[in-house]
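Chain lettering (A, B, C and D) follows the sequence in which the chains are written, and residue indices restart at 1 in each chain.
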Amino acid sequence: MLQEVSYDHRNASNVAFIGLGQMGARMVKNLVSKGEKVKVFDVVPQAASSVQGVTICNSPEEAAKDACFVFTMLPNGHIVKDTLLGDKGIMKGISNNALFIDSSTIEPQQSQELGKIAKENGFRFLDAPVSGGVTGAEAGTLTFMVGGEDKDAEEVKPVLLKMGKNVFKCGGTGTGQIAKLCNNLILAITMIGTCESLNMGVKLGMDPKLLTSIINVSTGRSWSSDTYNPVPGVMPNVPSSNQYKGGFGVSLIAKDLALAENAALSAGAPLPLGAISHQLYRTLIANGYSDKDFAVVYEFLQGKK
Amino acid sequence: MLQEVSYDHRNASNVAFIGLGQMGARMVKNLVSKGEKVKVFDVVPQAASSVQGVTICNSPEEAAKDACFVFTMLPNGHIVKDTLLGDKGIMKGISNNALFIDSSTIEPQQSQELGKIAKENGFRFLDAPVSGGVTGAEAGTLTFMVGGEDKDAEEVKPVLLKMGKNVFKCGGTGTGQIAKLCNNLILAITMIGTCESLNMGVKLGMDPKLLTSIINVSTGRSWSSDTYNPVPGVMPNVPSSNQYKGGFGVSLIAKDLALAENAALSAGAPLPLGAISHQLYRTLIANGYSDKDFAVVYEFLQGKK
Amino acid sequence: MLQEVSYDHRNASNVAFIGLGQMGARMVKNLVSKGEKVKVFDVVPQAASSVQGVTICNSPEEAAKDACFVFTMLPNGHIVKDTLLGDKGIMKGISNNALFIDSSTIEPQQSQELGKIAKENGFRFLDAPVSGGVTGAEAGTLTFMVGGEDKDAEEVKPVLLKMGKNVFKCGGTGTGQIAKLCNNLILAITMIGTCESLNMGVKLGMDPKLLTSIINVSTGRSWSSDTYNPVPGVMPNVPSSNQYKGGFGVSLIAKDLALAENAALSAGAPLPLGAISHQLYRTLIANGYSDKDFAVVYEFLQGKK
Amino acid sequence: MLQEVSYDHRNASNVAFIGLGQMGARMVKNLVSKGEKVKVFDVVPQAASSVQGVTICNSPEEAAKDACFVFTMLPNGHIVKDTLLGDKGIMKGISNNALFIDSSTIEPQQSQELGKIAKENGFRFLDAPVSGGVTGAEAGTLTFMVGGEDKDAEEVKPVLLKMGKNVFKCGGTGTGQIAKLCNNLILAITMIGTCESLNMGVKLGMDPKLLTSIINVSTGRSWSSDTYNPVPGVMPNVPSSNQYKGGFGVSLIAKDLALAENAALSAGAPLPLGAISHQLYRTLIANGYSDKDFAVVYEFLQGKK
């Protein structure tokens, strides 16, 4: 983890934030509440107006003008690329030495391409995807995984720590994405494994709370069992206890698995469980579970009552 | 977890222990070092003679005679059944109100059958499989998962705590096995997922220690990443850092997965990742990895250099 | 394939047939229509009475008495064993040199055990499971896969050919079951693969008939594409064109896969696709597709409209 | 299938063929032996010079100049795109109304993009991937799956039939690729299933020839069992009987599965067996089997002796 550095009280007016979806809006709220003034843009005007205390702009370019830090938090790599490099892209609109921080989850190779182009145009670029989900964004406890130059990561770290509690510098450009995908790959697999196990135990007559308490002090324990248990009623305040609403949608974990498979393919790394897990989530999507939290695998395996 | 009960200082001479393999021998050592006198039997005479301070017997029956607690720690359910009920089985040789504690990992249904027959013959029976492996057996830190009557579990608990640190009462006969299989099912899956992820990350240029440290504070963390990391050199004192020697053999996790699949089948619980994980371990066995620690999946996915 | 032998016009009254389910009833109809007189038994009285021209008996023993050939066509190995060897089992009730022919699909090891016990009791035993399904049973075009003594197989062959068109002698006792399971393992996998492919093609805009016609002259062709196509409307007179009614039920193919996995496990043969296919069919069962034809995987992958 | 049309005896000098690898060289040989004069180009000069009776050119542009039909048979979509549209691409170098026929296996979406660009530049474009492999290319018995305009397909059909025996018009641009990927997806899965089954049967004591002969008249039959059997010695003249040399390389089927998964992903079609099959082939690649025929899965499952 990076060492703490003293914060330089820079003028907060030079932060731009593009993309105020479920994650971005919550991240901006934390920036604002901790003293940053932020210029924002979202293609959906209501999204931008949902956050208090920001300056709403009419284009990414307008938001980014004069900013030192330009954050993007967007659905996929094509949109990030278009926002930065498109006909009305930010890089064409501003000329100063801005630092771009892309917190979207995109292909590592796309991050590397963007970093290269940014550099050729006199800009600096970090990939800085997050883990922690909507809950972590709301609470300001996200983990940032950062790829790029060390000094750039140091410079933006105080701002990141207003939105999260951990900042990991992973290596060169793209490594933030790689770390994110590696983590979510395990998560996707472990959640299904946990669902299979708990479903089996319950169908064989075990109480899911008791079974969970055993697993959580044994070799089967993981974040999926001890923090985000998939069985309704075992833990409060997790999506499984709220009809699998909110949380980390099936379509989002499936998206990350597709990215992981492409990255693994480029490196010749086999992903047998990753691949079949991906297809299981795709099967859930085909059967109407797209917007449910990914722990809904439990309900799917449980079957009709 | 069971409440602590006062220990009744019973005569230590009435403990019998059948089966002194990798696990059993270490469990008996802890019993002896904590004041129990134990009569032992193993089909391999050298196995029994490897433990100091015990009385070596020539048959299970001889060991069990006069014992209050008769432990079995044997390779599979058929051997347990034969030991208890065969022509020279213990149940035919002794007449007192002994309590049988089977710590082998066997099919839940076999435990239930044994429990039923024991009861019909005036004996009491607990299934009490363990987690923690050879390391936990050596250190006396095993977890016991116990199925059967509560009062029987209470009675033997002080003895169990000389070999382990956790005792979970799971429910009726067989539920100890169910809990064990549920735990190991997750373990088997999560380990492969962790290997896939770390192999991918390393092949994409990440340092495995750094990647592990990120995962361990993120949603991908599990016992397989934070306690038993599969990448050589990331953690000391785990099999992966010792050429995958010792530890939990591929053939043993494969055995547990076969038991889990049978149990799941009987309950109509699908195990997609469990089943494919089982076959991946079987593929490793076919390719010569049978006796290696199960984290050797990492080496297998990594491929030839 | 066995050479044709001349048929000895034995007295048809000495054929017994135990088990008149979907398959058995149709097989008996063919025996009767081709001149055999058959004594039958089924635990469900209506089942026996559904077939014309037979002698209905009150017990397996009554049916088997005086029979030269005793056929069993039963749901699983336990029932076969009980029918032959149980308290009221046939082998206890008759004393002549009957030839038992078990056409049930059961574990190869169970067949071997039954064959051994039969021999010890002075009887002869063949395992003779079939392929061809209800359609083949109705049409008298089943394939018999026979394990046991060559001379026994020759003796019963003329009778088998009244119910089927192919008789394969596979080897010693149990090899009929092995061949059956090997065949159905491929079938189970290939059907899912064909469903995945055709679903993908259709979703990408291809006409399923055209796509099928291409596959059927290419390297992807199989019985699942050219004879039993899973897409509604591509072929007439197959279950997929009749709402997946009739045919080979999901629960039956799942049963065969469980048997195949046990057999493979005993031989150390990995079944990665077999295992995951098994679990996919189990997932269908959990979601209400148990009684549909196994080609319904297509509908499942297609998802909700 | 397209109706036969009368062949118009066009001047054979206007055929160009770019890419003379294992497939392309054999296809050109057939064109030449059946009267076409062909101008060829390959980035590896020796490749071009291996074929007798052709005009070897120094660039794709030189080969394509004046050609009516310009064939490309190249390793992937990026190379096809570069060949047609790159700085020295053919479309910049020639101005007539050439018909491009791309027989490479590439992403359907890439074909659609190429088709669109070709049209915008006044050219016509067909995707026409083949099945049949090196053997089919050598024998002139390939199957062409053609996407694009019907009249263009008719125009080139007589030339295609000099290299193959079947020409299927599949639909609009890209549908040739879709049909190809659908076929190879089934092939990849069925081959593994067949290997699992035959390995299991052999390990259980069956003769592989006998087992194959049973499967080939039963519901498990497929091209993988009856034409390209994976067990050494069962069939002559297939790679499995020649140490898995030649044939369809593991790396090539893996490539096709990656393309299929991307296409399926775009359409929301789950590919559970396709995905795990892909990863099994990737595991073989990681373990040194990259250049062996894909039926080598049999040897891999068989394990060390």
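The definition used in the following text is that a residue touches a chain if its C-beta (ideal position, glycine included) is under 8 Å from a C-beta of that chain, and two chains touch if they have at least 3 such contacts.
Owing to the predicted nature of the structure, the values given are computational and were not obtained by experimental measurement.
Colleague: Where centres are the averaged C-alpha coordinates, which chain has the largest centre distance to chain C?
Modeller: A
Colleague: Out of B-D and C-D, which chain pair has the most contact pairs?
Modeller: Counting C-beta pairs in contact for B-D and C-D gives the edge to C-D.
Colleague: In angstrom, rounded to a whole number, how far apart do the mean CA points of chain C and chain D lie?
Modeller: The separation of the two C-alpha centroids amounts to 38 Å.
Colleague: How many angstrom between the C-alpha centroids of chain D and chain B?
Modeller: 52
Colleague: Note the residues in chain A that touch 2 or more other chains, in rising order.
Modeller: 268-272, 274, 276, 280, 283, 285-286, 301, 303
Colleague: Which stretch or stretches of chain A touch chain B in the complex?
Modeller: It is residues 1, 108, 131-133, 143, 145, 166, 168, 170-172, 175, 178-179, 181-190, 192-194, 196-201, 203-207, 210-211, 213-215, 217-225, 227-228, 260, 263-264, 266-274, 276-277, 280, 301, 303 of chain A that touch chain B.
Colleague: Going by the contact rule set out above, which residues of chain A touch chain C in the complex?
Modeller: Going by the criterion above, the answer is residues 272, 276, 283, 285-288, 300-304.
Colleague: Which residues of chain B touch chain C in their complex?
Modeller: Going through chain B, the ones touching chain C are 258, 261, 265, 268-272, 274-276, 278-280, 282-283, 285-286.
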